[in-house]
Amino acid sequence: MDFQKSPQKKLLKQYYDVRRTTENICKRLEIEDYVVQTKDYVSPPKWHLGHTAWFFDAAFLLPLKCPTKQFHYFKNIFNSYYKGVGEHWLQSKRGILSRPTVEQTLDYRKNVDKSVLEILDHQDLDEEYLKIIELGLHHEQQHQELLYMDIKNILFHAPFHAPYEIDSLNQPLDFKTLIDSHFVVEEGVYEFGQSEGFYFDNEFPVHKRWITPFELTPSLVNEVEYVKFMEDKGYENPKLWLSDGWDWIQNHKINSPLYWNKTEEGWRVFTLTGWRRIDASYPVSHISLYEADAFARWSGRELPTEFELEHFFKSTGQKDYLWNWSRSSYEAYPGYRPYEGLLSEYNGKFMVNQYVLRGGCTYTPEAHYRPTYRNFYRAYDRWAFTGLRLCRRL
Amino acid sequence: MDFQKSPQKKLLKQYYDVRRTTENICKRLEIEDYVVQTKDYVSPPKWHLGHTAWFFDAAFLLPLKCPTKQFHYFKNIFNSYYKGVGEHWLQSKRGILSRPTVEQTLDYRKNVDKSVLEILDHQDLDEEYLKIIELGLHHEQQHQELLYMDIKNILFHAPFHAPYEIDSLNQPLDFKTLIDSHFVVEEGVYEFGQSEGFYFDNEFPVHKRWITPFELTPSLVNEVEYVKFMEDKGYENPKLWLSDGWDWIQNHKINSPLYWNKTEEGWRVFTLTGWRRIDASYPVSHISLYEADAFARWSGRELPTEFELEHFFKSTGQKDYLWNWSRSSYEAYPGYRPYEGLLSEYNGKFMVNQYVLRGGCTYTPEAHYRPTYRNFYRAYDRWAFTGLRLCRRL
Amino acid sequence: MDFQKSPQKKLLKQYYDVRRTTENICKRLEIEDYVVQTKDYVSPPKWHLGHTAWFFDAAFLLPLKCPTKQFHYFKNIFNSYYKGVGEHWLQSKRGILSRPTVEQTLDYRKNVDKSVLEILDHQDLDEEYLKIIELGLHHEQQHQELLYMDIKNILFHAPFHAPYEIDSLNQPLDFKTLIDSHFVVEEGVYEFGQSEGFYFDNEFPVHKRWITPFELTPSLVNEVEYVKFMEDKGYENPKLWLSDGWDWIQNHKINSPLYWNKTEEGWRVFTLTGWRRIDASYPVSHISLYEADAFARWSGRELPTEFELEHFFKSTGQKDYLWNWSRSSYEAYPGYRPYEGLLSEYNGKFMVNQYVLRGGCTYTPEAHYRPTYRNFYRAYDRWAFTGLRLCRRL
Amino acid sequence: MDFQKSPQKKLLKQYYDVRRTTENICKRLEIEDYVVQTKDYVSPPKWHLGHTAWFFDAAFLLPLKCPTKQFHYFKNIFNSYYKGVGEHWLQSKRGILSRPTVEQTLDYRKNVDKSVLEILDHQDLDEEYLKIIELGLHHEQQHQELLYMDIKNILFHAPFHAPYEIDSLNQPLDFKTLIDSHFVVEEGVYEFGQSEGFYFDNEFPVHKRWITPFELTPSLVNEVEYVKFMEDKGYENPKLWLSDGWDWIQNHKINSPLYWNKTEEGWRVFTLTGWRRIDASYPVSHISLYEADAFARWSGRELPTEFELEHFFKSTGQKDYLWNWSRSSYEAYPGYRPYEGLLSEYNGKFMVNQYVLRGGCTYTPEAHYRPTYRNFYRAYDRWAFTGLRLCRRL
C-alpha cells in the first residue's frame, strides 16, 4: 500500500496501526483469558476484539452497503448498546459465550479490515465517511484502554496471578510533575471545550464558565499518603463519607483500593506486571469517587470540578498518568448536539448518574490524550485507573 | 403564653404554629394509615411525627442537657440517618414497627413541646440555640410536604382509594402564570445563592456563574401535553431516553406517570381529593427525571439547569405549584461549608447521585418557599410532586 | 338462639364459639399491632381476621348464592392463594394495606357471621354444606395458631417488646411426659392416616406402611440440652449440617434459635409473656429443620419419620406442646384425592419442598389436636412453635 | 503395563479406561468451550477435568501421603463442596477463572494418573484404598454424564448452535420397551436397596417397604404426547400445578421444556447433534419435576415413588434412556451410614429439598447403570436428561 499524504491516505495508515495495536495488546494472553468475564462490568477481551470490528462494520461498511458476510451473525452479540441497530446481547452475559472462537473473531477482524482498507485505498470518500473512520479509531483506542483494565481484572481473579507483562513495563514509570508548587487560579470567565482537531461530541461546543478562585496540588495523591488515610481509620469514620459511599463500603466490605492486599510486610498492589509493595512514587489508583471524596475531606481539601482540571491541564501542559476524579456529574455542555444517526447513542444517553474524570493514565494511547477529553464512570466504579488531585477554594 | 416581639418570642409562636400544623395534617387519618410503609422510600406518618420531635430532642434539648425521658427509647428508631447520634433503624423497615403506638408518639411530641416551649419562654438563649430552633422548624416543614407525599402513596395503595380531603382542596387550584411569553435571558455573569434571612447550608454562599443565553417556557408542561407524548409512543422509543431511563422503564414496566390509570374514558389521575380526569389546567406531576428528560427531548427542547430556574424565579416572582426537575446534579456550591456537629449530616452527605428540583408545590408550606431552595431526588424518584418547564438554548 | 342436639345445631354453636375465640385472641392488641407485617411470611392480624371471614364467604355463602355485600371488595385482598377465585393480593405485601381498617374488618366478620348463623339456624342444609362449615372452623383454628405465631413475631420486632399476655399464661406450663423410658417399636406393617371424625384430605386414606425398628426419646429436647449443642460449637461445625442448612446459617448469620438473645447472665428467650431465662423444663422451640437435624446428628441420633411420630402419639396417648420436626417431606398418601372445587387448592398443591411436623403446641386449639394431623413448613421456617424428639434405629 | 486378573489389576485397567473416556468426551470441544459457565449450575468442562483429578489427589494420594505437587495450588478451586478439605471456590464463580489453562489442567490429570497408576501397579493396597479408587471411578462416571449436560447447555447458549457430534450419535436411538402392557404390582412387602457389587452409600442398606397396588406405563412419555399437554394450555392452567411450580413458571416465563423452540414448522429440539423436529419416538426430556407433575395430573395419572420405579426396573430388566422423575424426596434409607472421613460429604448432606430420579439416560455410562441408583435434583432443575413415566393407583 502506498501511504501518501492525503487525509484519506493518512487515515488509512492510522487505521492499520491502531487496529494492529489492539491485537498486539491481546497477544500475550492465553486463549482462556480471552473468554471469561470476571464482573458484570468487565468484558472478555474476545468481545472487545469483536466489538471494535463490528463498529466499522455497522457504522462504515453497512451505510456504504457492503457489510461483511459475518455481520448478520455478529450484529447482535458484538453490539454494545446501540438500540438503533436492533437488539443487543446483555452486557452481563458476555462471558457465557464460547463461540465465536478467538480464531473466528480474529478472522472477522481480518474481513472487516480487508473491506475497510480496500475502500480507503481505492474509493474517494466523502468527508462524512472519513469522519466515521476517524471516530472509529478513537473508539478503538478507548477500547485499548478498556482492554488493559479488563485484562488486569481477569488476571487478578485467576489463581496464581500470572502477570501480563514480564519485561516491557517492568521499570518504574516516570511520573514527573511539571510544576513544583500549587497551581493557583484567580476568579474570572474562562473558556472550555474543543472545536479543533478531533474531539468527541461531548467536548463541544467551546463555551465560557465563571471560575471561583482555587488552588490545585501539583501532584496526584500517592500510595503512601493514601495509607495514612487508611491508618487513620478513614474507612471506619462515617463523617468522612458521602451517604451513598458509606452504604457502599458497608455493603461490599471495602477497606482499601481495589487490587490492594495486606500482607505481614505491609500493603502490596497487583499490577499488570505482578505484585509490588506500595510506593510513594506511584499515585494511588483504583479508587471510587466515594473514596476519592472521603480522602479529600479527610485531608481538609475537596475534589476539583472537571473544568478546574481542564484549565489546569491546558495551562500547565502537565500530562498525568492517572485519571483524576472530578466532582462534576457528566452533563451536556450548553448547546451540545449529539452525532447523527446510529452514533447519536455514542455519548449523550449516558449523561446521568455518572461522574467525569480528566487527564489520562499509563494505558491511554498517546494520540488519544487531550485536556478536553471527558472520561466518565459511576461513583462506585474503580476498575479504571482512577486517582485524585486535591483542590482548595481560595 | 405572652408572644412578644423579641426574636425568641416570635420563634416561640412559630414553633407552636408549625408543630400544630404537622399534627393537623395527620388528623384526617385512621390509626391504620399512620403505621404502614407502602414503599421503601415512603415513611409511615407515625414515623414523621416521631422523627420531627426527635429532631428537637437530639439537636436542641440534648445539647442543653435536658433531653426528654423518652429520648433513650426513641433515639434509635426516630433517627433518620444521623450517624453522629449512634445507630439508626433501617429506613426500609419503618413499617414493621407497631410500637410506639400513635398515642405514645403524640405523647412524645407533647413532652418535647413542653420542654422546648418552657425553655423558649423562660430562658435567654444564645443565638446558636435560636438558630437550631429555626432550622428545626424548617426541617419540620420539609416533613409536612413529605407527609402529603407519603399519605398520598399510602391511600393510593389501599383498596377503595379513600380520598384524604373531601372539601378543602376540592376546588381547582389557580395555577396562574405571571408572564405570558417565553422568559429570555442573555449571556453574562449572574449571582446565585442566598445569604439573608433563613437559608439552608446548601444555598450558601452567594456566588457568580456564567450563563449562556436561553429561554424558558412561561408555564409548566400540562397533563394534556404529556398525553400527546404518550400517544406518540414516547414510552416505546429508546431514542428519546437516557440509557438509565430506558432500563428503568423496561425493568419496572413504566408507561405513564405515577398515580395515572387508563380507563375506557381516558386517563385519570389519583389525587389527595380522589380520582379525576386529566386536565390541561393541571401541570403533569409525579414523573421521574428520566421521563422529564424524554419529554423535553421529544419536544425538541431540554431541561434547564438549576441556575436557570433560580434566575427565572428571582426575576419573575413566579411561584410554581409544582417542583421543576433540573438537569443539575446536587453538588456543593464553591465555598460550601456544612453545619457543625450533629447537623453536619443534614445536607452535604447527599451531594452525589441526586438531581436538583426548583420551585415548589401545592403542599410546600408558604413560609418555606423561596427561589434559592434546592430540593433533590434520585433520577428515578417520582412520588414527590415533580414536573417540568422546558428550556431552549439561544 | 336455640342450640339443639342436631349436627347442624351443634355446628352452629361451634361456629359461634370458634369465631369468638379468634376475635378474643386479638383483643389484647393495639390497633397498630393489627396492621404490620414484620416478615414476608408473617401476616398482619387484621388480615387473619379478614381471611377467615372471606373463607366462609367464598366457600359457603357464595355457592349458596348469598355472598356478603362486601365480598366484591374483599375477594382479592383476603384471598390467600386460591387461583380458582381469581387474582389474589401478594402475600408479602399484606402489610402495606392500611384499609380496610380494623373496625371495617370486624364489621365484615359480623356480616359474614350474621348470614352464616341465619342459614345454619333456619335452613336445612345438605351434608356437603355442613362439611364446608366444619372445614371452615378447622381452617379458622389453624389461623388461631398462626395468629399466636405472628403476634409473637410482631411484638418481638417492636421496640420495648411489650408482652402479649401478662397473666393468663404466666405460670409455667406443665410439660408432662406420659412415659418414662424410650418408646421402642418393632418392625412390621402398621396402619396410618385417618378415616373417622373430622380429618383433612391430606390425612386420608388410611393405609399400611412397613416400619423398621426404632426407638424414640420420651421427651422433646429441652432448652438446656440445646445450649450444650451451642456451647459445643454446633453452629460452627459444617460436618453436623445438611448442605442447604449450612448455607442458610452462613447467609443469615444464624447462631441460636429464633427469639433467643444472649445477655451477660446467659441466654434468654422471648415469649408471649415476655422475656425469661432458658430453662430445662421447656422444650427448645423456634428452630428450623436444619437446626433440628444438626442437633440430632450431634447427639448421635436422627430425626424420626412422620409415621414413626404418628405411631408414637397413637400408641402412647402423649400430647406434646410443641411441634415435632420429622424427616419426611410433605407428600400425598397413596390414593390421596384432594377436596373438590375451590377447596382442591387447600392442601395438595403444597406437597413439594416442605417437611412434615407432628404433635402440636401450646397454642394449638384443643379440638384441633390429633395424632394424624400433618403440619408442614419449609426446612428453613422457624417462626412456628417447632421442636424435636430424637430417634434411633435399632 | 501388565493387566492381570487380580482385583487391583482389574481396577488399574478400569482406571485407565474411565479416565481416558472423560478426556475423549472433551476432545471435540474448542478451547473456549472448556472455560465458560452459562448458568450457576453448569460447570465449565475444564473444571470437571480438574475436579475429577482432584478427587483422586484428595481422597487417594493425600491419605497415602503422596499428593501431586500441584495439589497445593488446586485444592481450593477444584474442590466442589468438601468442607473437610478446607475452603472451596464458589460454584457460581467457576466461569470467571481463565487459569489454570486447559493445557495446565490436562497436565494436572497426567500427574495424578502417573502417581495413581504407579501405586496401583507396584504397591499392594489395602481393600480400603481399592474402594476409594472404585468410588473415584464411579464419581468420574457421574461427571461424564454431567459433562454431556453442561456441554449441551454451553453449545445451546453460544451463537450458531454448533453441534457437538456430527456423526456418531446421529442415528436415532432405539428406545425399545421390553414390555408391551402396563406394569401391574400387587400390594405387599418388597425389598429395596443394594448390598452387592458396587453401590453408593445412599443405596444401602437393603430394607423392606410396604407397597400399595399400582400400575406403571411401559414407556416414557414421548415428545408428541407432551405437545398435546402444551396445546391444551397446560402451562396456563394453575389447577394443574404445584404452588411452587406455578410460581416458577410465572417468574421464569416457562412455556415449554428446556431446549425447545417454536418455529413456523412446529416445535424443534436442540440436541448434542443439532436441532431436530419433535418426534414421537423420543421421550420428552429436560423437564422439571413441576412440569412432570403437571403433565401427570393433566393426564389423570400421577408420578411414581422412587421405590415403585426401582421395583419396575428390577422386575422387568427394562433399561431406560432417560431419567424418570419420582415423587420421592431424597432421604436416607433406615439405617443409612455415610462414608467415613472426607467422603462422608459425598451424599448424605444433600438429603433435603431434592427429589429422586431413577433409571438413566443415553449419556449414563453403561457400567454405571443399575436399578438401585438414586439420582437427585431440585424440583426446578431441568438441564439433566429428565423425563417421566406415569403411575396409577389401583
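Just so it is clear, A, B, C and D label the chains in written order, and each chain counts residues from 1 on its own.
Heads up, the rule we're going with is that contacts are C-beta pairs under 8 Å (C-beta built on N, C-alpha and C of every residue); 3 or more make two chains touch, one makes a residue touch a chain.
Owing to the predicted nature of the structure, the values given are computational and were not obtained by experimental measurement.
Student: Can you name the chains that touch chain B as well as chain C?
Tutor: Neighbours common to chain B and chain C are absent.
Student: Comparing centres built from CA atoms, which chain ends up most distant from chain A?
Tutor: C
Student: What whole-Å value do you get for the distance between chain A and chain D if each is reduced to the mean of its CA atoms?
Tutor: Their C-alpha centroids are separated by 46 Å.
Student: With centres defined as the mean C-alpha position, give me the chain C-chain D separation in Å.
Tutor: Distance between chain centres: 37 Å.
Student: If you average the CA atoms of chain B and of chain D, how far apart do the two points sit, in angstrom?
Tutor: Chain centres of chain B and chain D, defined by C-alpha means, are spaced 59 Å apart.
Student: Counting only residues that touch at least 2 other chains, which ones in chain A make the list?
Tutor: Within chain A, no residue contacts more than one other chain.
Student: According to the definition already given, which pairs of chains are in contact?
Tutor: So, checking each combination of chains, I get A-B, A-D, B-C, C-D as the touching pairs.
Student: Looking at the complex, which residues from chain D come into contact with chain C?
Tutor: 81, 83-84, 187, 189, 207-210, 212, 214, 238-239, 241-246, 289-290, 293, 302, 327-329, 331-332, 334-335, 344, 349-353, 355, 379, 393
Student: Please name which positions on chain A make contact with chain D in the complex.
Tutor: On the chain A side, the touching residues are 30-39, 46, 73-74, 76-77, 95-102, 154-155, 157-160, 162.
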